[in-house]
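Here the chain labels run A, B, C and D in written order, and each chain numbers its own residues starting at 1.
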């Protein structure tokens, strides 16, 4: 085995010493239907998920507008087909639309052929509904297969945002090419803090927005000090609820108060990373017998 | 698919800018016996559930009386038959009695024929015990089937309180009729915060009433600001415990301190909503192949 | 069905308006071995359980001594046989020893014949090791069967402490006799807050002693105001750890600061209750078809 | 059965009244691959684990260096083979490398023959990669079998750190020899507080570093007062994240502020314990039929 080399700090645009991005995954019904198709018969569960596009997204768009920031929305193809006006509104507000599978499928649990289907159907729906060809991808459940990067490269994606081994963005080697990787982590996801649907997700734990913001604020401050990238992932069906959205608003304002932090959509950050001509990192799959 | 349209803010009675309702589900033994009938042999578990009607309800009635507010109690038929005096006391205190199934059955996991049985048996018991024909319904586990609204309309119900896609009440289309929907959410339920019965519910997590009140207070304030409806759902077998009830009392007083919030039973709120002649919203079941 | 009648407030000894008791269940290995016998091969797991009698109990005895209070220790027969000196030390310090099964067996999951075996083997071990015939019983996992009260009465027990339907002690009818019931609740047990053994108990959640004390303090204050009985249940393998024991010490001092609270072992409280000649309460098993 | 005797307080080096050690388990991929080998196909999950050696360890080494303390790193053989440079850097910084199985195997779930394989492969890799023959062992998942101590003694280990029955170090009898035992506990492990990987570990609960530090600080203070040993176990893939590492740094500084606490690697502490010529404690396996 060749030893994997850690990601290194990168330089940020002039005057900036770290980056932050507030991203949103509009899973809506798809995240539930993907692994439990007959949940389609549970009207209340479906309504819980539709809160995201119907009520959460408009509220979040208002907050982003009030704070004058642009963001990235990861949209499964199914969500785009079911809520086209919601998606068009996001585009109209100047935010980035990125790829999040078609029915929220996890690449690591699929064959390469199936993966191609998810990617193609997702692109097709985003182009048709949003008029956008996505340059960014995030694996549903953040669960990339080892084939995904090559497929993303082949389909013209600039970046992925599903890996967890670094504080800094990097170029991920794909053969003799590369894609930009914008790393994330479970602690910066609202699902663990807020999600509960009986027999579907969560064990009942629902945290206070104050606890959650404290945790995110601590990690933001420490990541900023390290010169890294802080990527928050929120789901409108969860963080679109009034008090969580308000807490997010307070947090965004705290981040924006620091002029040295570059707040931008992931696509812009990826373009910046690409401009740095970084040497690609080679991630090797563990060999169980080595 | 026709795209679902979000619920819109509604107007509230003169001088009011939002609404709040403190509702109670008196599940008692039924919620456990429905999915684990042989728990009937577990004397301590049964006593845990009976704390609700025996000890929790009287304490809650005192708190509601002290605060001079009326509330809505959702009562499964089985609870009414087992604790008739408890239910009569609730009626005598001027509170609303509403429908919560017969043995706490979840509509989404039943056939339409079975659902009819739950509804009819529940109505019959509430009429017999409480002398009340309920105008409100809440699905056990908040799990409506897509057939339930039509059945509720057919059986003369004015409102349901089991959907989660909105901050505001609305008229839910049922063919060319409608029922009033008063939306709820998991974070405003005490079960997730307090319930634990080994091998039956919960994973052991039991929260402090202070944490729970903080979370509810934050959501109340944000929902009030949004002009929405804040519906808290408490179970007397949980929130009837002394310190939780005391915490609820403190919270109720905080809500009542704001003269712009309309605190009322759900039935009254539903009648107000009906008086507004809102255009019914059509909720469409997701099509897995669309 | 005859409707169950709630427990009523009782009178306490002169000058006292409520009662508090700090009880301990010395489960040690038995609680694990009962449902997973082959955990006996897991040396570390066994050492985790033996922390209770070896390290936790001496520390707790010191705290009780320093605060000049007597307590009740529920001891499974197996614990008594494996740790006789530990049990003798508890007796020597003047505390009550009570019955907690033989290998921590749950009555609700046993036949009446098996229950008789648990009771007899437990009594035999406590008599042999501690020289004590117990007058109190607590069902392991607090899971009484509907037969247990009759068996306890037959074997001469004065009281049980495993039911959850009341804030006040009461006489529990057993035919035309009765036993005293000293009711408990899950929120006043340290297991939910602190216990974790992979694949055996808990999901990883381990709380801070400060959170736990806050929750217990709130419930203590509210129960005292209601004139009820506050029974705390601690496991030495959990609450015998230094910071948890220190937190318990702080809490005990807070309770003792109120001269109107009667702090006593459960046996003494049960004798007081018996002296009141209360009318026994009849608890009826739910009828699934009623 | 012969009754097990509790561990007694020991004397510490001159001027010291207790000990503290900050230990790290560099599980990386091995802890996941051991029980779910096909997780090797989940690229994101693997990247989550590799965060430990790639990003977490360098950050932790910086913190240890800044605080001028030496620590103990438990390294599975597989980790050493996959990340040799990382391990060499730890050695170069003067820290202790100790044994943690080969692929993070739990002794309690293995035959003695299999255990020999884990031990030998682990030693071989540590010698080859780090140039170190380990004198310390920690069972993966802290799950010793009853055979492990004898095997450790046979393979020349000075100490183990996997048992939970004491606040003080002790000599653990192995026939007429002994090994030093440095006891640990679940509440002083970061896994329970921070770990989450869907369908692999955790239920979604992720705590704030502030909550975690409060809990550790309380236990540290109480253990120090008791004259015991405080052993913190952190995993670089978890506590190497920026805000958690910063919280750990704050905590280390708080511990170092007390001149009476001896902060040292576990190997040094074990040598001190050995120098005391303590009488070995005999731990007996419970007899299910006794």
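To be clear about the criterion, a residue touches a chain if its C-beta (ideal position, glycine included) is under 8 Å from a C-beta of that chain, and two chains touch if they have at least 3 such contacts.
None of these values were measured; they are calculated from a predicted model.
Trainee: Between chain A and chain D, which partner chains are common?
Mentor: Neighbours common to chain A and chain D are absent.
Trainee: Using the touch definition up top, find the fewest steps from chain B to chain D.
Mentor: 2
Trainee: From the centre of chain B, which chain's CA centre is farthest?
Mentor: D
Trainee: Pick same or different for copies chain C and chain D, depending on whether their interface residues overlap by over half.
Mentor: Counting which numbers both chains contribute, under half are shared, so the two copies meet through different residues.
Trainee: Enter the angle, 0 to 180° in steps of 5, of the rotation superposing CA atoms of chain A on those of chain B.
Mentor: 90
Trainee: I'd like to verify one number: the distance from the centre of chain B to the centre of chain C, where each centre is the average of its C-alpha atoms, in whole angstrom.
Mentor: 35
Trainee: Go ahead and note the Å separation of the Cα centroids belonging to chain A and chain C.
Mentor: Here the centre of chain C sits 49 Å away from the centre of chain A.
Trainee: Of all residues in chain B, which are in touch with two or more distinct other chains?
Mentor: 203, 205
Trainee: Just say which it is for the chain contacts: an open line, a closed ring, a star, complete, or other.
Mentor: Shape = ring; chains linked end to end, path closes on itself.
Trainee: What pairs of chains are touching here?
Mentor: A-B, A-D, B-C, C-D
Trainee: Once bound in the complex, which stretches of chain A touch chain D?
Mentor: 1, 3-7, 108, 139, 141-146, 148-149, 162-167, 183, 185-187, 191-193, 195, 202-203, 205, 211, 214-215, 218-219, 221-223, 225-226, 228, 283, 285-286, 288, 290
Trainee: Going by the contact rule at the top, pick out the chain A residues touching chain B in the complex.
Mentor: Its residues touching chain B are 29, 33, 37, 40-48, 50-51, 54-55, 58-59, 78, 81-86, 194, 196-198, 203-210, 241-243, 245-247.
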